[in-house]
Each structure stands twice: as C-alpha cells, then as structure tokens.
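Report on one structure; see the data block that follows.
Chains here go by letter, A, B, C and D, matching the order in which they are written, and residues are numbered from 1 within each.
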Amino acid sequence: MDIGTAQSVLLSGIVLGSLYALMATGLSLIWTTLGIFNFAHGVFMTIGAFIAWQIGADLGWGMGPAAGIAVAMAALIGLGCLSEFILVRPFLRRPDVVLVAVITTLSAAIFLENSALLVWGGRYKQLPPLIEGKVGMLSTAISTHEVLIIAVAPLTLFALWAFLKFARTGSAIRAVAQNRESALLMGMNVPVLYSLAFGLSAALAGFAGILLGSIRFITPGLGNEPLVKALIVAIFGGLGSLGGTIGAAYVIGLMEAISMFFIGLYWTPAVLFGVMISVLLVRPTGLFGKR
Amino acid sequence: MAEPILDVREVSVGYGKTQVLWDISLTVPEDQRIGLFGPNGHGKTTLLRTISGLLRPWSGEVHLRGERIDKALPRAIVDRGIVQVPQGNVLFPELTVAENLRLGAYCRRARPRLADNLARVYDLFPRLKERRRQQAKTLSGGERQMLAIGAGLMGEPTMLMLDEPTLGLAPKLKDELLEAIGDIAGSGVPLMLVEQDLEFLLALTDRLYMINHGVVALDLDASESFDHDQIIQMYFGKE
Amino acid sequence: MRDLLTGPNLARLICLLILILLPLVVPSPYIRHLLIITFIYAMVASNWDLSLGYAGVFNFGHIAFFAAGCYGSAILSKTIGITPWLTIPLAGIIGVIAALIVCLPVLRLKGIYVVLVTFAFSQLCFQLVLSQEEITGGSMGMPLLPPLKIGDYNFARDGKFGYYYVGLFLLVLSTIYLHRLVRSRFGTSIVALRDNEDYAISRGISLARQRMLTLGLSAFFTGVAGGFYSTYVRVASPEIFGFGFLSLALSMLLLGGLNSIYGPILGAFVITLLSEAMVDLGPMRFLIISALIILMLLFYPGGLNNALQQAYKWSSRSGAAARLFRTNARN
Amino acid sequence: MDPILVVDRVSKSFGSLRAVDDVSLSVEEGEIFGIAGPNGSGKSTLFNIITSIPFPADSGRVVFEGREIQRMRPNRVCRFGLARTFQKETSFDTLSTLDNVILGSTYGRGTDDSAESRKQAGETLEFVGIGTDQFERPAAELSVFDKKRLMIASAIVTEPRVLLLDEPASGLTKPEIDETIDLIRRLNQSGVTLLVIEHVLPLLLTVSARLLVLNHGSELVTGTPDDVIRDPHVVEAYLGSRARHD
C-alpha cells in the first residue's frame, strides 16, 4: 500500500465517519433525553434527501439547493416533533416504553419508507453536489463535496454542542435527560423539550441525508444501511455520551474504509459486527459508555 | 385573620394501588414556618410531591392563597412561587454548578432577576461560587445540598419546601446549613421543612407536624416545651 | 384427561378439525396457498413470542433465525443434494445455531442494547447473504429449490394438497411444543426473570442460562418454518430480511397479543388474509399495516388474545357455556 | 461454635459516595440479628453485597458456614442456604401466588418433582398466613401485606439456614406489623437464623437479640437493644442532638 492509497483510504474513512457522526449523534441525543431508540432515524435521512431534491433539484421544482436544504430542515424538525407526539409520548409512562418505542418507531420507519415510495417512486434520483469539482488533497484528489462533508459535519456538531451547552433551552434538554423530576420542579415544560430533542435529531438525520444524496442515489431505502452503521456506532461508543458517539463514528468510519480496502466489501459488515461484539463482551455499555 | 398561604384540605394520595396519605389537612399561615417529621416511608415526601403537582391527589384539595392548585401542572405551580427542593440532593449531576443554578431560574417569573439572585446565592454559599465550573457530581454531600437549596432560591420562591436537607450530613455541615436556611427564613420566605433531625427543625420552624402512617399524628408548637419522651417512644418504643 | 376436552382446549380442537377438513371442502388452491403461508407465519410469530413476550428479551433478530432456516435448508437441499424431508428439520437446528451465535453478546446485555445487537445481527446476516453470491445467489436469491416428494409424487400437485398438511402438521407440532414449554417450570422461570430479574436470580434462577435456552428454544421451530418456507416457495430470497416481512410478523404478534401462543397464531390468520386482500395496493399495504401496529399499541395494547379472554369471561359470567369456556389465567 | 455468617470489612462505593464503608458483623446460628440506621445509611446495600444481588462488594469477605461466598454467582447463593427478601414489596406480578413460591422450591431448593414442589409451596404459603383462596390469583393483585408475606414464603421455601429480611414492616399497619413479628419469631423457632433490616426501630428492638446501627455507611454501634437505645449516638443519628436525654 503506497502513500497515495493510504491517504485515499484515510480520507474516505473520514468522510464515512463524518456522516456516521451526524447520524449517530441524533440517535444518541434522543436516547439521552427520552431513553428510547429511534428506528425511524434512517428514514428521516431518506425523507430529508427527497425533500431537498424535490424543492431544489432541476428535475424537481428547481428552486435551488439553498431553498431545498432550508425547507428540508424545517420539514424534518416538524416531522421529528410529530413523531415524538405520536410514537413516544403516549407510551412514556409505561414500564415497557423501551420495547414499545422500538415497535412504534420501526413501524413509522416502514410507514415513511413506503410513503416515500408512493410519492417519489423507486427510480433513482440524485442531488447535485453542493460544490462541483475536485480538490487535490495531500497526494490524492477527492471531490469538493466530500471535502465539504469533512468540514461541515464537525461544524454542525460544534453548533449542536454550543446550543446544548450555552442556550437556556439547550441546557434544559440536557437537564431533563439527567433528572426528569427536578426538571419538572424547576418549571420546565418537559414534553416540549422532548419534542424539541426529537426535532433536532431528525434535522441532523435529514442533513446527513442531503449530504449523502449527492454521493449515492436517493431511493426509499437510502437510510437503511446508514441506520445500521449508526446503530453499530452507538453501541460501540456507548449510548448517551455525545463525545463518545462522535469519537466512535470516526473510528468505525476509518475501520470500515480500511477493512473495505484489505478484506473487501463483502466481509466488512462481519468485521464491524465482530468488533462490536468484542467490545460488548469486554464492556457491556460500549467503549465510552457509562454505567 | 389573614388567609393562609397554603391550605391542604383532607388530601388522600398514593402510588398505584397503595395509599400513602389518608385525609391529611394542614395549613401554612402567612408568618409561620412549618416543620414535618416522622419515620421514613410514612408520607412526608409524598405530601410535598402532591403540593408541587408531581402527584395528583386522589381526593381533597390544595389551595395556594385561596387559589386551588391541586389540578395544576408542576410548572404552573412553580410559576406561582412554590419551589420544592427534592430529597436526594443531586440535581443535574453532569451539569456544572453554575448551569444548575441558572436552570433553577428557569420559570418565567424568576428569569428577569437571574443575575441578582445568582449573586445572592453565591453570597449565601460562597463555596458554590468557588466551584461554579465543576460538575455537580463532583461536589461533596454538603455542597450538593447547598446547590439544591441554591437552585431552589433561584426560582424566587414565595414558599420554599425543603425535603430533608441534612440527609447524610456531618454535624458541622448541619450547623452551616442551619445558619443558611435561617438566613433564608429570616429574609421572609415562608418555609416548609421536612427533617429527621428534630433539633434542626426546632431551631428553624414555628410549628411541627409529625406524620406517622400517613396521618398527622402530632401537632406541636415549637416554642412551647413538649414531651420529648412521647416522640422518642414513637421512634424507639418496643412494639 | 377430562380437562383435555373442556374450555379453550375444546375450542382449539374444533379449530384444528376445521383446518383439517377445510381443503376437502374448499377446492380453491389459492385459499390453500394462503393458509400454508399463514401456517408458516403463525409458527414464526408464536415462537417469537417466547422470547419477546414471555421472556421479555428484546429480541429483534428473530427473522434472522427464520432466514437461517430458509437459506440453510436451501443450501443443503440444492447445493449439497440432501432431501428436503431432512433439510426441513435440519433447518431447525440451523436456526438454533444462529440463535446461539447471537446469544454470545446478548447474555450480558440489558434493555435497549439487546434490541440493538439483535437487530444489527439480523442486518449483518442480510449483508452476508447479499455478499456471498456464490453460495447464496446474492440479491437474486436461490431459485428452483427441490420440492417435497414421495416417490414421484410432487407435493405441489393437486393444488398443494401435500404442502397444506405438512404445514398444518408442523404448526400443530410447534404449538404443542410451545404450549408444553410455557407451562413447564422453565416457562415459569423465564416469566419470573421478566417480571423481576434480581428477585428471580435471588431465588436461584440463572439469567444467562435461561436466556440462552429461551433464544435457542424459540429458534427451533422458527428455523423449521424457514426451511419449510423455502422448500414450499422453491426460492430463498433476501427479501425476507426486509422491513416488510419484519413488520408483518410484528403486527401478527401485536394484534394477537404478547404473552400468549394462540394470540399470535390468530394474528397470523387475520394479518395474512388482510394483507392478501390488500395485495393490489402495493406500498399502500405496508403503510396500512404499519399504521395498524401503532393504532393497536395506542388503543388496544392487549391484542386479540385479550379480547378472547374478555369474551371467555363475559360468557362465563353470563352463565352461558360457563364450563365450556373455562379460561386459564396464564394463557 | 463458629458464627454461621461472618461479614468481614466489606465496602461498596458509588462514584464518590461510600455507601458501605468497611462494615463487619458476625451472626451466631439461631440468632435474630437486626440492622438499623437512618435512611441512606447503607442497610440495603449491605444486603446487596452479602448476596451479590445485584452487585458484589468492592472489597471484603463474606463467609457463610465457613466458606467464602463473595465471588459466588448470585443465583447460586440461594441454593447454598442464604435467601433474602427485597425492600419494596417485590413479586413476579404476572405469575400466580402459588407459582411465585413453586419457583423458589424448584430453582432455589432443587425440588425436581412438580407435585412435591406444589405441596411445599402450599405449606409454606399457609405457614406465612396466605390462605388457599389467594393461591391462583396473580401476585400483582395481592395486598401490600400479602405481597410481603409472599416474598418471605418464596424465600423460606428454599430452606435457607440464614434469611435476610429487608424492611419487612415498612408500609404495614400496626396489626400487620404484629403479625410480621410473630412470623419472624416462628421462623426463628423453626431453626432459621435471621438478619432483619428496619428503618423503624420498634420492630427490631422487639425481635432481635443484637443489632448493628449503621450511619453514613459505617458502623455506629453494635449491641443488645437496651445498649443501643441508651446510646446517645443512636438517638442523635435519628433525631438530632437536641433530642438526647439531657
């Protein structure tokens, strides 16, 4: 393996890691605040890409990428809040809410995926790259769009961190996650905070979908495979710690790129699963997780 | 006579099928500080949780300055100035001391004077100021208790309910806390204090209720001398 | 022994009799086909309930056990050339092996982590099937599997008459197996672990052991169903890993009601017929089914089984057929 | 004669909090040994680490009948002759009352024959005072008192030589507490050694021969009920210093 190949493997690993980080952070955010796992997260990604395509792409309504992204983000926040209201809130007080939420969000995933199929059909669509062209990086060349992904993902996550850290509502979201009863006693509107967390998480997924939508073809199943990867990332990093999740995302992305190069596409899932199992055998709450 | 601040009328409540409080009535008059004590698991915390809206009474009513609040949401009750400092004393363990305190002023009524109140709390508990950038979970037991009370004060209470603030504290810390709570009470905030430590209660309150088996078993005036042996008998008497 | 002919047992025997006689009365091969598919689903759903309902293990890899049976039987019969009569029971063992593999990480995990690992496991199986094209046929699947035969008689002849009875036989076998299992002390112990883990452990029940047994035992007839399925439709295709199949099985379980054997079986009948009636709707079908799942959870979490219990209670309270429908609290 | 149960300098921390701090005790065979202390003083944690359910101690030894059990698998502890109850009224809610106890008999005692374990379960339920009319009801429907007695029944059906009762009287009415005291005495007379946790002292002072008072996770005093009641530290731990007889 020469230097050039090593660098291109490294770069593709970082691109993957960035996308996984966006996805898995959303999952983790919902997990920490509501204590449930959202299986519709992958399909949120799909819907985000489709809406951006519909509004922005030339084959859609052709209103340009900026409008596409803006509308998609707004729609996803709304969809996230709505999902929380229908899929989670009615069951929050039940002792088996974790299981019920798996079932309801899984059903919602099926519902939305088939809705996407009805609305947009099964034909492949693609978003144009946000920026055209290629950039020479180190000794290889990658597309500008991929450079954009590498840059934008950390920025987005930084913005999320800043919101959670410094905004009143942001710290309230973190607070609710840690102690629901004290949050109530301080006068927080817990249901609204839950909705908001869900909306934010959906927007993150949608954004990841838009970024992915110009690398891969957009189909109703676009989000399924990234969901599974995000799932592995979440387990690997330990649910509930945002830092751990982001770190794990890049680790898994790199691991995937390396394994694809050396072992090939076919056995890469097995490698990832194997790594995940080994981590769980040693640390049942994930690599960075807390008990 | 002036209307009482808080009026609890024949409240019954419990969890699931288990009833904890049986037709409890008590009032908090304008100028009095109330103490609740009694063996554990007999309903003191449950009473506080009912007043602050975390629990819906099965029957009975709760009135705050003449207004009925037993059907209101917790945040509506906080907005009316009843602030409960819960037992167990860890608020948001992963947040810093300063963040915890700021969130104490989350309700709309308390927001405008956040900075003033923060200064006041730091004044009252200088130790919190020193540790304002630390995560709450790194605090000692006494500091956590101060943080919980401080966050309660940030909500500008018109009535403060403290649930066992001395739980697990060493005697020296208890004295410090006694002084601080005394200051708070002295500044005119009505107080409802749940405590195991009788000395603590007697020093801080005007009227004591002993809650035993979900009813008010004793009703004492703190200024009068009373029969210690009767209480000790209830705690330590053989069956 | 007299108990055998009273209460719900009698109702079950009557249902069985009807199913045995049905093909003799109803000539339509299409109805027979639907019922064969129903039998398969009923096995999958009722066995899934052993882990998901009775034991409360959040196992979302159940479809992978089914798929393991499907592909296992397909490979054994087509690639290696073993008769399907043998590969179907062997598929059960393959299902169990798949379950034991997923057990390895799951034994020490709790709650949501069990969901994630089992779900990831099933997706991993999917990816492996897709990638091992030489063995599994990749996304095309393995077509033209050998059918069930006795001598020269192909079971697909005469309107799938043969398959119908084999399917019914397997379902009856699986149901008796589950019935005995949940009534055994093993059955009680897994419910105890679900109700209160620490308490159960303190009474001498081993969490790891019972969990391994639960997953293994729930996988056997699931694998058998998989083997029978691929033999019957004569193709093993990766479609079974899709959300569609998962949602069907899940909806049967929820419509039927968790913690019962007959609920999910009944759910399988209702959902298969419903889904078949909607087959022309395309994607709309899955839209409706998934919405149905959420609505069930929202408004009738007890499922059909609950409705049955109420009906038993109502009928016994009203005095009519009180003895006939004497119900059993645990079922 | 050697003590039947020796707890030797066990500790357990949660983060920075030392829930149980270097606690030792030894219980003689046939004794009723009480463990008291204010809320949060580490009583239940002590039971948890003696039985390793749900977690073992960080350090220290637990010796039962001469054998160290602190590293034993938690589900084996019961077969070994050491059974416990839990603080809150715990039951297998969806199982019938009888099945709750049968489980103890089959898994905790190792009775293979199902008719035999049914018989044992029935007898044990009657011993604790739960009538046959309750046997087939789901445990969730029982009253608090019956749930507590059911939990005791499922423990004693395993034939423990040492039984650990965690707050058997909390949440009970006065007559129910009296019945519980009677039950504890009958159990003791049948040869079972008991460790009893109570927050409320009266029951403990009545039944136990000796008791240990915990405060802040460590031992405050160990002694006979009379010693303990006269100890000013105990009164102080419960009621504050001013409540002392002065």
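Some observations on this one:
We adopt the following convention: a residue touches a chain if its C-beta (ideal position, glycine included) is under 8 Å from a C-beta of that chain, and two chains touch if they have at least 3 such contacts.
Source: prediction; values computed, not measured.
The busiest chain interface, judged by C-beta pairs in contact, is A-C. Computed centre separation for the pair chain B/chain C is 55 angstrom, with centres defined by C-alpha atoms.
Rounded to a whole number, the gap between the C-alpha centres of chain C and chain D is 43 angstrom.
Between the CA-based centres of chain A and chain D the separation comes to 48 Å, rounded to the whole angstrom. With centres defined as mean CA coordinates, chain D is found 32 Å away from chain B. Multi-chain contact residues of chain C, defined as those touching 2 or more other chains: none present. The set of chain B residues touching two or more other chains is empty.
Those residues of chain A in touch with two or more other chains do not exist in this structure. Chain contacts in this assembly form a single closed ring in which each chain touches exactly two others. Interfaces, counted as pairs of touching chains, are A-B, A-C, B-D, C-D. On the side of chain D, the complex with chain C involves touching residues 51, 53-54, 73-79, 83-84, 86, 90-96, 99-100, 102-104, 106-110, 114, 136, 138, 151, 154-155, 158. Interface of chain B with chain D (complex): residues 18, 39-41, 137-138, 140-141, 164, 167-168, 170-171, 174, 195-202, 213, 228, 231-232, 235-239. Within the complex formed with chain B, the residues of chain A that make contact are 168, 171-172, 174-175, 178-179, 181-182, 184-189.
Contacts from chain A toward chain C in the complex involve residues 31, 36-37, 39, 86-87, 90-91, 98-100, 102-104, 106-111, 113-115, 117-118, 224, 228, 231-232, 234-235, 239, 265-267, 269-270, 273, 276-277, 280-281, 284-285. Touching chain A in their complex are the following residues of chain B: 52-54, 74-75, 78-79, 83-86, 90-95, 99, 102-104, 106-108, 151, 155.
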